[in-house]
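Paired with chain B in one complex and with chain C in the other, chain A is shared by the two complexes that follow.
Moving on, here comes the complex of A and B:
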């Protein structure tokens, strides 16, 4: 299969997945118990006229398939509906929340992946040493830690020294842009640390086992016989081949980041997408929830799509 | 006793005219199982090896699995794992290169001593092109860089008979033989003095093996290269090497000129190795009368099989049939050998007969019953009569089953025997049949058995059902030479005692010639020739059969055809 064919196939697959998820999203909110008007619009004792008027206003008197096409049409125009909680368009709410989540998740993930790969390589190459035992067991320990528990512990330990709530100091009036930046950075420390510690360990363990496998391959022996130095054997041979399973696994973990950040954002009151979803659940803000699910799904599918494309670059056996 | 034979045998260094290119002196290797500190055991796997080789000379290091031959050459390159401790000397240019550990040996790797491995399949980095990997060696050792390196790569590939564009290929795009050629090209990149080849042809079929051996011989002569050839196959050594050393349990029990080893073996182990090595000259003359009046036990008529849904098969492209009009038959008590190179369709044929792969055309009857149209449920009853023996006894047994469980399982599946006691009697009888005393072996697990014993257990598990037809897929190719004879004799005895018809796949023409009543030669999905062993070997009717026969390395160094 050639590059074009491969990319085409992965693209179609990604689009179909998103479409199925969108439809599922639509169905999910139709099968929720209770009438849309009485429970969703929270007018429990509405008169018959008011009910009809509301149904007509929200288009709920139309047949389901027509509602479905309306839903898809509005989605294409970027209309995700209006939040029950603050009467703002859902898309605007989500965009703001997403903008807040991004620095948290991006920093945390990148550091966790780098740290995970570094400790994983160390654990594989130095197998049998004290350092490896410490590194591997530490990874197992953090892997086993529930996010919320770790977050709470860090919060209790460092609450006095580091900001533990929100993204910025609410009393920081008149800060210069530089001071604002430092303030946000300080607020990032605890949530990002929690994210790193819960994410890196899985990468360590995956990289370690993938590296141990490639280090036992015949081509490693060839490379050693060729007189190549250890550093090159690890980078061009062992790690290069171990990247194949690692990329697949990392893509899978990336998918859970958006949802995984919910716990962290709630604990540290970070106004990101996770907390937005959490408060939407509490206040039964269905349009907001529906929009949030959509963003999560699309993010996961896109990340996996990128991993597939990367995989193509990494493994010549796949396509040539 | 070993020391004595060593002194009697012509000592390596004395027969050399000049200074040896490489000399191994008193090499010892111990492996330490340090994982478990309480029960740390040390095994002495290489015991005082002495070996010397001159430039342009080819020396064979022969022995069965576990004798320490691979460990010896890995030690010479300092490539053993950390759990190994080494003593002795490896002398190159008058210096002991293993004296200073890693730093002492590093500069000599590939520049002076290069290596070719058995697993050509996985010896290359799968994500880099062949050219990249050869060029890496050139650049790292400062032989050439840039355009000069690229042209040297082309030159090297030319030397081993590969084309210029193969440099752009990834390892998976080359066949096994081409990969081994590329490996040899890479090994020669830095003009080494010594080439260590560890079972370089074991994974290849005879015709390709023959080509690779010829290539190695030619290169060692042209480049004045000292070649140490590690192999279990005496035929390979006899055809390529001038001298050889036979290893047993970590020691060289006998060393000398190959012709002496073959004609006048001093050590009983050398003698037994040669006796166990099949020779085309041993081919049977005339088949026994086994024909039955009731018709053939197995009859395959004009079978054609096309692999559907193969990725490479594009729409409109002509589909190549894996099996294309094959007809053959096996009678009761008869052994028929199906011979051919890898990819010739012999395994597909076997899977067709077993009903594991549907046939597109043709008919297969077992006991006059048409089996190509049977449903899986109908097949189940027939499975009792048709049993299979697989190539790899290390994978065909369930590691969590005791021997008795493995052998008893088919009885349980087919609901044979009324009581546990009755079934155990059958199990014990089957074990005795294959030469394993039930009281010693019934309660063992597979990891407590040797390769040959495992294969015996696998045979017992098919034999316990008293099948009429045995299908054997390369039953001895994974086993050591000295064990092979036992398994083949066992199959031979079974067909006489129990009147089992046996269809055996083998790539080894000499095995087929010694044991089979009839040989069927296959090529590219077709039967090219059928006949009695003596006729096939001595009066082949097709060029292909002749080519196949000529490729088989004879253990007799005088009937050499590789060096011509």
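Moving on, here comes the complex of A and C:
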């Protein structure tokens, strides 16, 4: 594949995927039977003006295909309707929630990947030793525990010592910016730890099997025969080649990251996207539900796209 | 070829698909895994007779701690946790097995069709698979379950309909290599139809791979069920490992210090998943001889075995 061809293909794929998700979202909420309840204008306790405005914007009295185009048009303008729960625009609600989710998921994922690569390499290189058995079995064990279970165990163990609800102290009036920052950090510890424990195990197992594949290659034998130091063989020969399957597979764990984040936000009452989705389900807040679905899907598709680009950077065969 | 001769030939083929797998299944990891799964299967089949108390009517006080009469204590409604977990296992295993079965069927149809026929069928089916892989499944499950309403059959359908992607990928790759084997070409030139080739000559070769995949799919299905249940999207009246944890969390078992209302269900989920993982990966390892050798082995200096090299390569 020549230069650009790969990037171009992946870009088209990402755009088409987002479009499919948008259309699926429309069909699920407006066309399928039973979705009449989700009429966007049925905001409880809304003024007559708001209802009329929503009906006009989304053409709710028009035929379905026309509604579809209006839906796409409003989407491009960032209009996702009005939340049933607090009568605020869905986009404003989601933006705030997204800003809260980001620090939690970003810290947890980055630490989990670094930790997973370290333990994965250790498990592959030291295969057959006691250390490897412990490290691999520990990973399998954490991989096996449901996220909500790990979260609840941490709650039981540390509830007295670390803040366990929300992302800041509600009585923190008159805190200096520095103190506020420390307060949020303290609130982050338990949810981030839960996320790391959930994710690192899967990463360990992925890195371990990718490394085992490359450690059996002839070029490792050659490198060893040349007398290269172990560290060099691992980092520039084995890991460098194992990175390709690792990037592909770690990108596929984005789904577990999303699942983990949703469960963790519910357990620790973290006011992010996951909790927004959860309360949208509980209160049958359909505009929020479909808005949340869109935001998460688009984010995951974009991150996958980034992983594809990273793959392109890593694999010289694609740039030739 | 007729009668016994054909039978012998197909037996030989089956042996070749299973070669190495049999040895892998006698490894301690595989036996432990199988033992764990078997234990929980027996437990859930005989759930009605094994439970010491009723799983629907109270038999002790609210959040009573574990005692000789109630080994695992009681939940918020005074219901014996041990009975709940046994009963919940039945439903969780049922959800796991049915939705995994569904996923395996869809996945193998996709994988076999696109691997066997190739061309535009392959392109179309794999594009569809790619979309399903990228879309965050749990969020889709939440949306679908929320729109349809919470019920156990919806949970099974939603999990099954979204879980098949990795199976489809793996099966496709395997069928693609099988397709080029000499014996398939021979059968083809003898005039066998597509259906016959697929059913008699390809599916039997896929058996170990399908079993490994099915086992791993069961774990993901049970996992997803607990997640959906925790978000209140499972049937609220059904007792599953997921709803047990959800009820305990909702009714403040944590602030009451009643860890015994949460821990048993969580440990059961973990045990089943470890069991399935050990068993599934033993089969997978056996099917991938490259994983057996490492030139950086810490203990010994081993060369790669001849399996996986030359014309004999898997």
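Structural remarks
Just so we're on the same page, the second predicted complex is superposed on the first by the 287 of 320 C-alpha atoms of A that agree within 3 Å, B and C clash if a C-alpha of one lies under 4 Å from a C-alpha of the other, contacts with A are read in each partner's own complex, and residues count from 1 in each chain.
FYI, a contact is a pair of C-beta atoms (placed from the backbone, for glycine too) under 8 Å apart; a residue touches a chain by one contact, two chains touch by 3 or more.
This one's a predicted model, so the numbers in the text were calculated from it and none came from an experiment.
Contact with chain C, but none with chain B, is seen for A:277 once the two complexes are overlaid on the shared chain. In the superposition on chain A, A:228 makes contact with chain B only, while chain C stays out of contact range. Legend: residue contacts after superposition of the two complexes on their common chain; A:236 is shown touching chain B, with no touch to chain C. When the two structures are aligned on the shared chain, A:111 is found in touch with neither chain B nor chain C. In the superposed model, A:317 lies in contact with chain B only, and not with chain C.
Legend: residue contacts after superposition of the two complexes on their common chain; A:82 is shown touching neither chain B nor chain C. Counting the residues of chain A touched by each of chain B and chain C gives the higher count for C.
Residues 128, 217, 221, 224 of chain A lie at the contact with chain B in one complex and at the contact with chain C in the other. The touching residues of chain A, when paired with chain C in their complex, are 13, 17, 20-21, 28-29, 32, 34-35, 38, 124-129, 132, 140-141, 143-149, 152-153, 155-156, 159, 209, 212-213, 215-217, 220-221, 224, 230, 233-234, 238, 252, 254-255, 258-259, 262-263, 266-267, 277-278, 280-282, 284, 289-290, 292-293, 296-297, 300-301, 304.
Note for the complex: chain A touches chain B at residues 1, 128, 217-219, 221-228, 232, 236-237, 240-241, 314-317, 320. By the touch rule above, chain C contacts chain A in their complex via residues 130-131, 133-140, 142-144, 146-148, 219, 223-224, 226-227, 230-233, 242, 245, 248-249, 254-255, 257, 259, 262-263, 265-266, 269-271, 273-274, 277-278, 290-300, 304. Chain B contributes residues 34-35, 77, 79, 82, 106-111, 114-115, 117, 119, 122-128, 136-137, 140-141, 170, 172-173, 183, 186, 311 to its touches with chain A in the complex.
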